[in-house]
């Protein structure tokens, strides 16, 4: 048993940390894609922003330069999901539930949360690689601190649920970037450039090696999609994450001896993902599938909030 | 001026080890380690925001690493004196919310109590568990000489600063483990357990099981939020905000992931005004509607009790030595600082004649704001202040400018003597408890007598040496 | 006199309010001049029982709702029997020290005009002085319904020269206290003299403490001491303190209030 407000804050703490990391991964992917030949006409950064759901922050007719994208995803205070905002929000979540944090988790969050204050976009763009790396290290350190120091109780369940919900969202978005880029030049599907775009997707989720182990060197789009959506071993795949969410929701249900509606929803989503084949996804349209999963994921999040008396 | 450490070769004995350590370490290294300590505090997240200032809300209160030391003999006096005072203040609160014997006896003037806005008529006739109103009493003590401990102020509502007592010690032990092997210092870490025991002891009579205790904070924007979360954590209780609590069926509940959970004891760190919009400030959207009614009907214990603040009113302060005599039949162990009440004609005349050498305070003010420090003020400031006093003499008291003792402090230009005061935290439940230590505040500016953290004060670890 | 009372207050909210908390002091005092034969308070049809008795001797109840509602219907009704005590209020289970009622509040803080009014009432005998004060208050503050609101202070009402019973009681309390007479604000009901179309409503008056006698009621609005036609609900330092219904609602929109009081002499 814990305060609903505390559960809510832990849940959002995990989501905000994961979101910071996801933005770093998006930036990494954009950076790689713009290094591919012929990228100048394609407006990759626009796709990246579109996938991150932040296009509305950028004017329609202006071309989206790296500087604009970096500013939006990394520095922008108006963008509540920029890396900078996510880290500040995560710290606020943690502050609101100081007693539910272990010292180690708190110390990780309390370091460097103001690093981006006053940083100019041009400067950030110049040092993008090292910034992305430092964000990844910071989020990994936090995850390590949580895994290594938290009691395996309901706090831990809520943290992990937040984590994986956000991760599902972000993997879906990453896949969608690819969709947006592919759209105007579907004639080159399977071509050399397409190959590189798909592999930049893998490298954005740090999964080049993992993929190779699972599928060897066959970088066919449907295999990559299969890996990111349905693979049960890859920790960023939709199915794996949903499995974790279902497990933690069921653990909570057992702990509290209360069966909640969100448990059924998560179990249902998981069994659907388990029965699904990549071919079916491509047949009925990847983009449609991604859009539907995003909305189901959001619905699950709302159900969890209602079942555990979150205020927002 | 009384220097707590003394000066070589006449170092006072409680400071033997500290003085030696300072000398061996050298000022350069101390300065360097002071910076390390600050980084450590910042990392842990101990910050202190100043209310009503635009400054960084996560400002760090400066820490000085040279401890302030009490000998075992000195502590015995403080221990007895503080406990005596805490008992008398609670007896006074019980009395004025019941028969008012001390008023009937003509010892405390009726109007100072009954017409004081800190006195809550709605508390009359209420019987808090154990007859305790102020469960955590912070007593500000100053020293002016070898023998002269006196009480400057009582804090009966929600005194803050105890986290510094615990954290300062923690930092000192982390940074200088060797020092604690050379000197036997009484540990202070039993405080959270003592506080929890105290709160448990005052659970409502209706509560039959182990009481559910919570700490009520206004939230992360409050200047003492760190302390709130720190204490809740050490006691293993929930840190709740007003929005987490609600009243139903004459009971206070908190919202949890398992549904509503009954709350029995609330250690509140929120002012009376913001406790319950149905009873106090109606315009406040903060607070828990109905909580005061539940308290008065015995359904929950609120610590400190609403209305406890009347006991630390500066006009009431003058009568604390009389209270000790009246309720306990004992002689006060700790004296008050001599105080003139401007409400009295003779006192007023004296104060107006001696503004240049007195410290004048507003009766209801706190935090060092709104006072006049005679020797540091200009003639014009004194004249301006005199007008305010004459307009409302009842609102002012005056005290001599105390020559506060100094303790060695690490300053930018070397070792300096800085003025200090001291706040121990006395716990009152069925038992009266006092941890051997407290908060030593130090005025970091050379010559300054204002130790408030809101006005450039810092903190030190406070050592009570073990009985030999 | 036996009287039946039906006091209905209805608040409607648009849009709905998310959370509702009300404190009710709608229970008639039990004292020497007043017996309660039967009384009930219902909020949205639910019976509300007192949680505690305050130090002023008044019963207090809470009503809480944590789901959205669009209407609050508060009904207080019952039968009360009163006797004329020439204004003397005794036998009330109040324990609050009399000295508390010398305290001024933000609503009663005296202006120079109030101090002057008090001085103007000066008499050798305390009781005479209070009667004179009651008369002066009525003389200086015309009864004009709707001329002031709940936040009008005693000083403002006197300055305006107009007000309602609440303002009369405030000015009386402010001036009496400034003259050293403990005084308190009283909320209750009044059965009007049998005139066609007389308005029934909640009423407010004051009580002052006279050494040797005790608490005595004064109704400056009608320039008399309360008679058997008065039903006393509760008292406080001012109207805010003594108010029969106090609420804290959140998330609501516009509030609309309709109140009706019907008092009849029972057979």
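When the chains are written out, they are named A, B and C in that same order, and each has its own residue count from 1.
The rule is short, and it goes like this: a contact is a pair of C-beta atoms (placed from the backbone, for glycine too) under 8 Å apart; a residue touches a chain by one contact, two chains touch by 3 or more.
All of these numbers come straight from a predicted model, not from anything done at the bench.
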Centrality ranking, top chain (CA atoms only): B
Label of the chain whose CA centroid is most distant from the centroid of chain C: A
Whole-Å gap between the CA centroids of chain A and chain C: 62
Distance from the mean Cα position of chain B to that of chain A, given in whole angstrom: 47
Rounded Å distance, chain B centre to chain C centre (Cα mean): 41
Complex contacts: residues of chain B adjacent to chain A: 42-45, 219-220, 225-226, 229-230, 232-233, 238-241, 243-244, 254-259, 261
Residues on chain C engaged by chain B in the complex (per definition of touch): 21-23, 51-52, 54-56, 60, 62, 64, 66, 95-97, 99-100, 102-104, 237, 240, 246-248, 250
Chain B-facing residues of chain A, complex: 1-7, 92, 95-99, 103, 106-107, 110-111, 154, 158, 252, 256, 258, 308-309, 311
Chain C contact footprint on chain B (complex, rising order): 100, 103, 110-111, 113-117, 119, 121-126, 246-248, 250, 277-279, 282, 285, 287, 289-290, 293-294, 296-297
